[in-house]
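First the structure, which I've put down as structure tokens, then a few questions once you've had a look.
When the chains are written out, they are named A, B, C and D in that same order, and each has its own residue count from 1.
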């Protein structure tokens, strides 16, 4: 696999090149923007090439360069699993870069494009290295570089105070998470005496069960923080919206998946098979994250925040796949385990694609309307038709509507959960049942949410005058979105062959468990190993297309003599203002009311009247629904208060009195003398 | 019982005929989604129709006979229906789609689980297979099937816009769900939508009749078997519609915020059903 | 011979500067010349040490591998500091905060300070080393009270009293160690460290324990280990920033070096566990306490001072853990000695621009002085151990060394480090970003205050990415003696 | 080393030093504190002279002269002049009252005679009592620094600590090398000057020698 290795190393050279050049040219922002994007594009392309050559020519490569530091070695390894993630990362990065080239133009004169290019390239390189690093220390380094770069991208629009706060919160959380990861790796090092993943994998039986459980919990918290599982998600909804949209696309679509990658790597690849409660824990976490994620999304009006919450939801769905994989694995049901891994990987891929698409669509709207509040949109479909179309496709995909890709992966996830319900014992069965129920609910709520987003944003009449002046975005934006939209369709229609490839990867992950099961790999249909269920999306696509065409032709052209007349919407005799349309708040209000116990909605009503003195004729009645930040107020605030208390207590001892200071020395002297004499 | 003289049962057909003749009014504010939705809605119902084993299990649709596909195809239709409701920018449409999406989100779980019960019994999610093997089930598994059916029936009432969920006959906009979304439609598009709604009703009845009580359905393609099956199907559908009619004339529409409990109940019932299988 | 040169030059310069009556430029030139020369010669000495283990002049002065590392650090930081001092003092003079006599005093004492540090590194006799360390205290006392304000006087007095007490305790420890050799004849002025090592064995182990406790507490006061650290934040926050950078960047390491040499002698007698445990618990205690005090700090110079305490704690921890921890903590010492001066000097620029050391008074550094802001941020990430900066690697290695024997300690250390990171980022982001006050004009004060910092930052980043062979060899040799 | 100071004399001298340090605790007026310090130094000088005479070593004679010159003559005179010039005759207060102070001193003395320090006796078993008493002296002079609020008293405390250590060195029978002592003496000399300058500066800035007012820097 020399070719793959070389192209990969070339990619690793290209990104730094992009970083350096764009920072070098930061006086000339056009040039900086161009070089930054260009090198990112080239790097992504070579990343894609090397990943594909690994993936489809069945190989792995590993590089191992010693460093000048004792325990650090630049050990890279790309097996099919990492190749898959490299492929996802590079693909999204490629389109994000083409998009960003156009998108960044509206920063000209406001912010330093050189920095953007620098950290953007660094960020992509970091992610690619994270999924290929084969040494724990190297992994931690690139992991932190990835976090650092993304931090700077989050605070890129640094004139807005809340971006700075968001960035800091993000960095606190991810750094704390990294501490957990470090501890996990240290425990592995303690038992195996090595930081090299290969060595750890081979000497796995040196690790005591307790240590394994500890590592599991630590890694789950650490990587879960990055992946944004509830309750460690609080950074996500504030950080992702703050970043430039193409970066949000990368962070939400790809970066959080690195956490998933490491979970698969450690829990399935390195550990031969943990106890059943690992899988069930992850199942439950996934269920909670998916439902709460979509519910919070429903309550949002900030379009990017809303999409960020959907990322939490989809991470939950991915975790459902992963959790069932772990459970099956510990029960020895390897064919089901592989099915579930396929589900997780497939949804990872799909979510990357459609979430990137949605963020880009949102970005192209924001870059024109200069607001993120969907209450101020409306009727944009008439002014930005392409953006609208692609956003619609994205919405259909994320709502798991056939024949788009979201449906395929959710279908497989359902099947793996069904498999659990069918074939595992008592407790686990109910866990699976709950998981399936939450997945069903999530799907429905996601539909509702995206009807809301698309409807309120693009349909009906503009709610602000300035909407009427906006025009479609530039070519580079539309082009990138078009490609992604196409991808959602292709990945959906050809889900059969995709899942076949993924099952190969899953096999390689589970390989050394012996027994490799994936029955009839069918390219035109996805089916479960035991023929429990199967669906062929190409046929759905075709037949639906034909039916649609027929219906359209028949009913469009057979009854000729009727005319269509343009009229105004029925207004009950009044004249319709934008305030008569349904708002996002109004749309999601009923759901929020139903789930009030979970969401703890805060409602404030402001009424203004025509005359100040008499309040008989209300002029406007503004209702503002928000959700209480229970995690902040119940977990993080108390933690902060505790720390403040302790540290202010520590401050007391530094009271500025020199006699006291000498007394400390005296006391410690006496204590140590006594201790020393006793020992 | 309301002591009233109903219209002929062929009234819907004459309605359609009338609507197809009429001119059409389309709002300025409406986009292509508004114009295009009826075709999508209609063809989804057709597509689902292909997947259903109405008379015989001899023709097994292995391509998209999977029940999840059916459910998500229905979701596809609903998605566009709701969008179209918002599109014209009238207040009613928006509320209509809000309610529709709220309830369908809650209904989905119940629907999936009621059919999952059957597919677990049948060891397949393909409708034809389900029918095929539910016929030959031991009597012990009748209880889960019944529970699941109750759950399913609740969903049926919602999806087809019946009491206690919706009042298809009302013209008080504030109370309606389905009608509110299509308020802006007229002429042939309205006709298509109504037709699609009728199809949906048939689809759900067929599912209820054939999946849960698949007796008499033809397992091969011989003529007399099919005739018997046809008869059996008509009888079962008649019984179902009679049941719905009795229900509609005996109970009133529920308050909106009581409906979730109803849907939740159906979900729970199906869950219990699955629990009972083992 | 060269050793003589690097001692004589600063002394000579100090003397000359003392008699100069006017001409600030001349003073500046002389000091830069002396520190430059010292740096140049230290490189040569380091080369010689690489060639043959150690380099010595007469029986009295000797530079080991560890000494060479310290010598390089000392001279490099003093060079940077004296270059920076030019710009710093010029600005202060322009503001008419100080006059010529103070500038003169400053440069004279700076040279004396430098000399005494070199003595402390290179003396072969423990007693004379003690004298030299005491000399560093005395020469810096007036530098700390440089601004002559009540607060700086207070800081200086505390510095003087606490360190004198500490050093007297250290003196007592030293003569306890010496009791062996001295009671067996031999002129104690010339007792070298090696003889100390050999002859400590003749002593009663519990005497050695007592002696080492005195040493650790005595020099630990100088090194700034909790709870003897109390003078450190005051002194560092009140001294002129170049002095603060020298104090925390270099002087504390020298104190550490002295302790280590006694540690070797003690370990020979009472076994390694005794001293190692002391190091571990002092280290952990220092980390935790400083992390708590950083979390709610309101003065950015004190913030940096506490972070110095934290890093001394980490180094002590690494030495306590041993094995790879030794290498890591020496490397950590190097990184810290580069990063901390960078931070102090950048904070000096911030102080010159905003003339306040309160964190809440500082807003929009990035707008006012972008270059300094960037360097400050680099320093923050370097000191809090964010990759790619080397401190991450050294901290990780130290923890890796500790996880075997002391998992709990390692866990608490991680906790402290996270807390420190959060504290630093919280304070730094509130200082660097945002809108600058209207009355603050944008632009750096002068290039003397930025160019040396850029140099420092480049060296820091370079060493973080690539560890040159010779340096690595020096460190390995330095670890061998333990 | 052939002949050294007899144990009894050493013990007596150290005992005197010990009591003189306790006296520092008791006396309140700055001037008298200085005199007490001078007395301590005199005892040190006496020991020096004694060992010089028994060893017939000129080096030690010179040292004795130096110590006398610095600690008995120069330093006290210097202090007294400063006190006169700056009119620092003020009484210096302490944290603990006299009874508590005495109790503290008693406790410290007991601690030093406990088994924790027994090991030190091995340094020179003959002079065990002298060793112990000088250790006690050390701790008590530390106690001065802790207990006294006056800047001058703290200085004296540190100097007494130094005296106590030297006394200990005698008791441990450590022979004093000339070069070494020169270094130390030079050091002490510089220290005394600098410290005194600081004391006067403190008086100028704060108009008191009470260091407990200097608590601006905290946290």
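As a convention for this text, a contact is a pair of C-beta atoms (placed from the backbone, for glycine too) under 8 Å apart; a residue touches a chain by one contact, two chains touch by 3 or more.
These numbers come from a predicted model, not from an experiment.
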Going from chain A to chain C via touching chains takes a minimum number of steps equal to 1
Note: of the two pairs A-B and A-D, more contacts are counted for A-B
Between chain B and chain C, the Cα-mean centres are separated in Å by 79
Expressed in whole Å, how far the mean CA point of chain A lies from that of chain B is 35
Expressed in whole Å, how far the mean CA point of chain B lies from that of chain D is 101
Between chain A and chain D, the Cα-mean centres are separated in Å by 70
Each of the following residues of chain B touches two or more other chains, namely none
Two or more other chains are touched by the chain D residues 117, 119, 142, 145, 154, 211, 214, 216-217, 219
Residues of chain A that touch at least two other chains are 651, 654, 656, 658, 662, 673, 677
So the touching chain pairs work out to A-B, A-C, A-D, C-D
Residue positions on chain A within touch of chain B in the complex are 378-379, 381-382, 392, 396, 399-402, 407, 411, 414-415, 418, 421-422, 429, 433, 436-437, 440-441, 443-445, 447-448, 450-452, 454-456, 458-461, 525, 531-536, 539-540, 543-544, 547-548, 550-552, 555, 559, 562-571, 576, 580-582, 586-591, 593-594
Chain C partner, complex, touching residues on chain A are 68-72, 137, 140-142, 144-145, 148, 155, 158, 161, 164, 167-168, 171-172, 175-176, 179, 182-183, 186-187, 189-190, 195, 643-644, 646-648, 650-651, 653-654, 656, 658, 661-662, 664-665, 668-669, 672-673, 676-677, 679
Within the complex, chain D is touched by chain C residues 125, 127-128, 131, 134-135, 138, 141-142, 145, 148, 150-151, 153-158, 160-161, 164-165, 168, 171-172, 175-176, 178-179, 182-183, 185, 187-190, 203-204, 206-207, 209-210, 233-234, 237-238, 293, 296-299, 302
Listed in rising order, chain C residues that touch chain A in their complex are 154, 157-158, 161-162, 165-166, 169, 206, 209-210, 212-214, 216-217, 221, 227-228, 230-231, 233-234, 274, 278, 289, 292-293, 295-296, 324, 327-328, 366, 381, 386-388, 390, 392-393, 396-397, 399-400, 403-404, 407, 410-411, 414-415, 417-419, 421-422, 425-426, 429, 433-434, 466-469, 472
Chain D contacts chain A in the complex at 95, 111, 115-117, 119, 139, 142-143, 145-149, 154, 211-212, 214-219
